[in-house]
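Chains: A, B and C, in written order; residue numbering restarts at 1 for each.
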Amino acid sequence: MNKNSSNIMALAPSTSNRRETVCIFGTGDFGRALGHKMIQSGYPVVFGSRSTQISSLIPKGAEVLSHAEAAQKAAVIIIAIQRQNYNFLTPLTEILHGKVLVDVSNNLKINEYPESNAEYLAQLVPGAKVVKAFNTVSAWALQSGTLDASRQVFVCGDDTEAKQIVMNIVRALGLTPLDQGSLLAAQEIENYPLQLFPMWKFPILLSFGLAAFFFFYCLIRNVIYPYVYENKDFSFFIAISIPNRICPILALTLLALVYLPGVLAAIIQLYRGTKYCRFPDWLDKWMLCRKQLGLVALAFASLHVLYTLVIPIRSFVKWRMSSQIISQVLNNKTEPLDTTNAWLSDSYLALGILGFFLFVLLGITSLPSVSNNVNWREFRFVQSKLGYLTLILCTAHTLVYGGKRFLNPSSYRWARQNWNNLWCSMVSSLSCPLRLRSTCTYTYPHRSTCTRA
Amino acid sequence: MNKNSSNIMALAPSTSNRRETVCIFGTGDFGRALGHKMIQSGYPVVFGSRSTQISSLIPKGAEVLSHAEAAQKAAVIIIAIQRQNYNFLTPLTEILHGKVLVDVSNNLKINEYPESNAEYLAQLVPGAKVVKAFNTVSAWALQSGTLDASRQVFVCGDDTEAKQIVMNIVRALGLTPLDQGSLLAAQEIENYPLQLFPMWKFPILLSFGLAAFFFFYCLIRNVIYPYVYENKDFSFFIAISIPNRICPILALTLLALVYLPGVLAAIIQLYRGTKYCRFPDWLDKWMLCRKQLGLVALAFASLHVLYTLVIPIRSFVKWRMSSQIISQVLNNKTEPLDTTNAWLSDSYLALGILGFFLFVLLGITSLPSVSNNVNWREFRFVQSKLGYLTLILCTAHTLVYGGKRFLNPSSYRWARQNWNNLWCSMVSSLSCPLRLRSTCTYTYPHRSTCTRA
Amino acid sequence: MNKNSSNIMALAPSTSNRRETVCIFGTGDFGRALGHKMIQSGYPVVFGSRSTQISSLIPKGAEVLSHAEAAQKAAVIIIAIQRQNYNFLTPLTEILHGKVLVDVSNNLKINEYPESNAEYLAQLVPGAKVVKAFNTVSAWALQSGTLDASRQVFVCGDDTEAKQIVMNIVRALGLTPLDQGSLLAAQEIENYPLQLFPMWKFPILLSFGLAAFFFFYCLIRNVIYPYVYENKDFSFFIAISIPNRICPILALTLLALVYLPGVLAAIIQLYRGTKYCRFPDWLDKWMLCRKQLGLVALAFASLHVLYTLVIPIRSFVKWRMSSQIISQVLNNKTEPLDTTNAWLSDSYLALGILGFFLFVLLGITSLPSVSNNVNWREFRFVQSKLGYLTLILCTAHTLVYGGKRFLNPSSYRWARQNWNNLWCSMVSSLSCPLRLRSTCTYTYPHRSTCTRA
């Protein structure tokens, strides 16, 4: 342990309670915001600047000196300038020897430079102890004190004591330092604030694509078809009925996509005869976004639940029920209880409830604070056993609901006749005078007649 | 690094696995509980006390000595006595030199003394290494082992090695040490256990005030008005109908209050022409409790969803529906499907569902473990973009539901006539014999006639 | 601080950015997986093995040497072999002096050996610095990069610098090191991955037992009884109606069991006259699983809410409603609004909603990341005050719903006659020819007559 380190130790608030002076190079937005916050937290602050005139923007109580003078006043120097201007530090190498240099810079693009800004700084000023910190904090949030988001400050550096000093400053500002190890971690820390949900992109794009496809499918099947053939306006189905068909389809599809790669991986392993071989890239990427796929599936499942639960409040449903009852009364016939129907209806609802319940449980266990509290064995148990049970329950829910109709030709009736009919109807609609309804006979070539609506 | 520190290093469990003796000054509740727990965890414990008689309350296996003798037996001394009695330590300064003193004390009020208890202790015994710890742990919980709450122990101190030793003890007791930096943090650590949801006070008071106002408004409008004028008893509206009007109003109001200060701040910044200027105090405080405002809004929105979903199960609603159907049958008329109405009903429900869904998403991202895992850019994206989208969807939900009635005079009919009529009705009710109903003509002065109910 | 430690300091990536060589003893699954991951992260890896032939399974880029040669190439040696084979390290004691040995082993049973594997290793190789790490990480997850579960690596060891070096490696692999203190913590760390929800066993078994009991009770009461006596097939009640009776019963019972031990403990303390006395073991265990009991209760309450909200969608309920309306129409009588009934129905729903809302709030505050952010006083406030309020609201919800029927003999009618009748009916059913219905007179001995159904 050389002399410098014991010098630095003396800077740590050990004997007196006064905080040690901090020097900030650069009087830009971030430098001023950080200086402001530090003065508030009791640190004497010295700015190092090219022009030593005190501007009105400099926080009150801060001194402004030349870079060399400012650097001599403090053991910790925060480099709040752009990487492109780091060159000006080279002449100061002598003065900066043994000092703690805090690199707070960010880049505009991920991996913009071959080495991280902090490592570049360490190369420029070899005698200094470079620590990366504060780059994930917003200047505006620092200044206004509204740190709603993460208070975490990632700190990395090769000198343990320099890191400790910076971490103490971080804590004094009311933030939480997270030791990320040596300066090699700087690259990752610099990339971090540039990301925007990198793992979520694929699941969200996939689900939007699928949602758009099923939306148009349902639109044609449930709105356009009855409008064209039966002249009924069910356009309001767009609000609830169609979303409530898309959501469960997507939820089940995405949930299946969560568990499919595991099965594929097992098949590949069996085929290759070894467990420790790299999977193909697409499978790797797929496996890495399984959690996100599952959470998107859960989102669609939750929407499905909400859409289903409001069914009895819908004006259309109330109207349909009352017209059914009225028609029963007027026809003077009362339907007996259909036990098979009651069984089907109840069991499909019960399966859906249990499936959704387990799905929510899976979602809760994937919260970081919960999954950090379970060990690997417990996590496997929940995500694998409970996951497959959820998939089975949700599939059973779908089968009981729609199984009968699945291979029933009447569900696909329109498919055979669809384009045929659509064409026929459109032609005949256009060829009929207004207020007359066209009837289309399904022969080829189409013959259409116009009747009074 | 002086000789003492290397002495202390030797105390850390490095070569042998035996735990080092810990001394506890004070045999009060907390001292005994801590001693008990330490003996359970394998630490030899020595109590330092004025009277060295072993009371039945002292945990079995602990020695009780005079303060001076006890201090000499251990390198770590826990000061489990009141701040008022710290003076007795002054004569022991010589013995305590180089020892680790752990201050576990709490105050009764926030910022009761100018300096924290730990800093006061460090001033009294200058040669000792003071570490603040254990003050957030309950004696009872320690003793009974029922640590349901946070297992976090905040530790701060100026000597890194002393802090490490105390943190190892904390871990050995099954608790999680959190390094809070230098002894300057002691003030905050001492204030911490005295707080009771300080950020929640304003949002909760505000929402209670608004809830009370809207409750009485709705009570007069929906219960008292029909009772007085139409002699209908709708008092059961108090249970669900009225709360289900208050909840959405409050949810939307509070959600708007979350995003209003940001807009105000932007206006102030534009007006002042600078981004880095302190906001007025009221705006600052408002901005700091936005998260809490949002969560209270989410609570009201969730209640609104539950109150809405139970509508079809309500006995009153079932009765109303069946009487509507019966009256349709008896009048022999069937209503056709009102497509506009179906559109309105479905789109208002769909907007509500999507708004609530995004609102829950916002709530989940504000969980500490989730918001710690997103960076500033991601947090801004969620809280700002998704937040405004939520606000827009919820406002649209309200407008589609109530827009038509918003400026419809019939909604305010009673407002013009209200006090007039109320007065008239009350007077005439009182002036009519029992079992006769009063009719009131809306002239001035009121003339009332009594008719058979 | 001896010379070795400064040697080790030199290994930390301080001057150059190249990562230091890591040696792995053992070429089994875990050793290879770890080596693979380390090479990916930029570490030169040397395997120490009995046979120095490079197998195809060894990750590309790794060297394979004899144990002695490999150990000399690195300052950090990962011991990826079984505890039973640790003996072979004894001859290497000289070479391993001052090296950092990382114990990654796990046992098959909890507390399989008297001392932890890491402590055993430290005894075998006295000069080495043993650090326990990586044992909670799955080899497969390391290899395939799919670390969905916890990325936490528990690290413990007596030498602070050795621990720092290992923690830096952990971070470089993209994992989160958690310092667990001295090597004494190794026992707990080794037991950790063998647990499978130890605290959840009792609550889940208890709730399954109670659920089974109430299921058969309801099955007999609501399905078998009407089938036998009234020849009605209500078997579809098994899907929703019966679960929706079991869930609220269990939720309320388990919630009461959360708060009962606190009351019992208070009584015991009053009786014993002291607050600081160990509770009986059963009470201790009960108190320790209160959180889990509460969460299981919340799960049942959530299921109850879902089962209740789907009621109006159920085919049976729709049929019952329409047949009630039709019978009213046919009998030409309209029921007036029953205000008492409306009050009961609404207030029972409102109490349930509020109770469930508070229950969910309790559940959210018990999330680790939330409960870590509240202090002891706040936690007590939420869990005790809000908890009791929840219990009161839920009990009131039950009383308003079922209070009238609670001591109504008609609810228990079948109880008096049950076995009597069941016997009678079964006998007479069997004795009647098919297609004839038996009537049973409730005298003793039973007389049954057969009538046309």
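In this section, a contact is a pair of C-beta atoms (placed from the backbone, for glycine too) under 8 Å apart; a residue touches a chain by one contact, two chains touch by 3 or more.
The shown structure was predicted, so the numbers you read here are calculated from the model rather than taken from an experiment.
Angle of the rotation mapping subunit B onto its copy subunit C, from a C-alpha fit, rounded to a multiple of 5 degrees, please.
Roughly 120 degrees of rotation.
When subunit A meets its copy subunit B, do both sides use mostly the same residue numbers (more than half shared) or mostly different ones?
different
Between subunit A and subunit B, tell me the centre distance in angstrom, where each centre is the average of that chain's C-alpha atoms.
26
For subunit A, which residues are shared contacts with two or more other chains?
1, 309, 312, 325, 329, 367-370, 372
Considering only the defined contacts, which subunit C positions touch subunit B in the complex?
1, 119, 158-160, 180-185, 265, 274-276, 278-279, 284, 287-288, 290-291, 305, 308-309, 311-312, 321, 324-325, 328-329, 334-335, 337-339, 341-347, 349-350, 353-354, 356-357, 360-361, 367-381, 383
Where on subunit B does subunit C make contact in their complex?
1, 6, 12-15, 17, 19, 29, 32-33, 36, 42, 57, 136-138, 140-141, 143-146, 148-150, 152, 164, 167-168, 171-172, 192-197, 233, 235-237, 239-241, 243, 299, 302-303, 306-307, 309-310, 312-316, 318-319, 322-323, 325-326, 329-330, 367-370, 372
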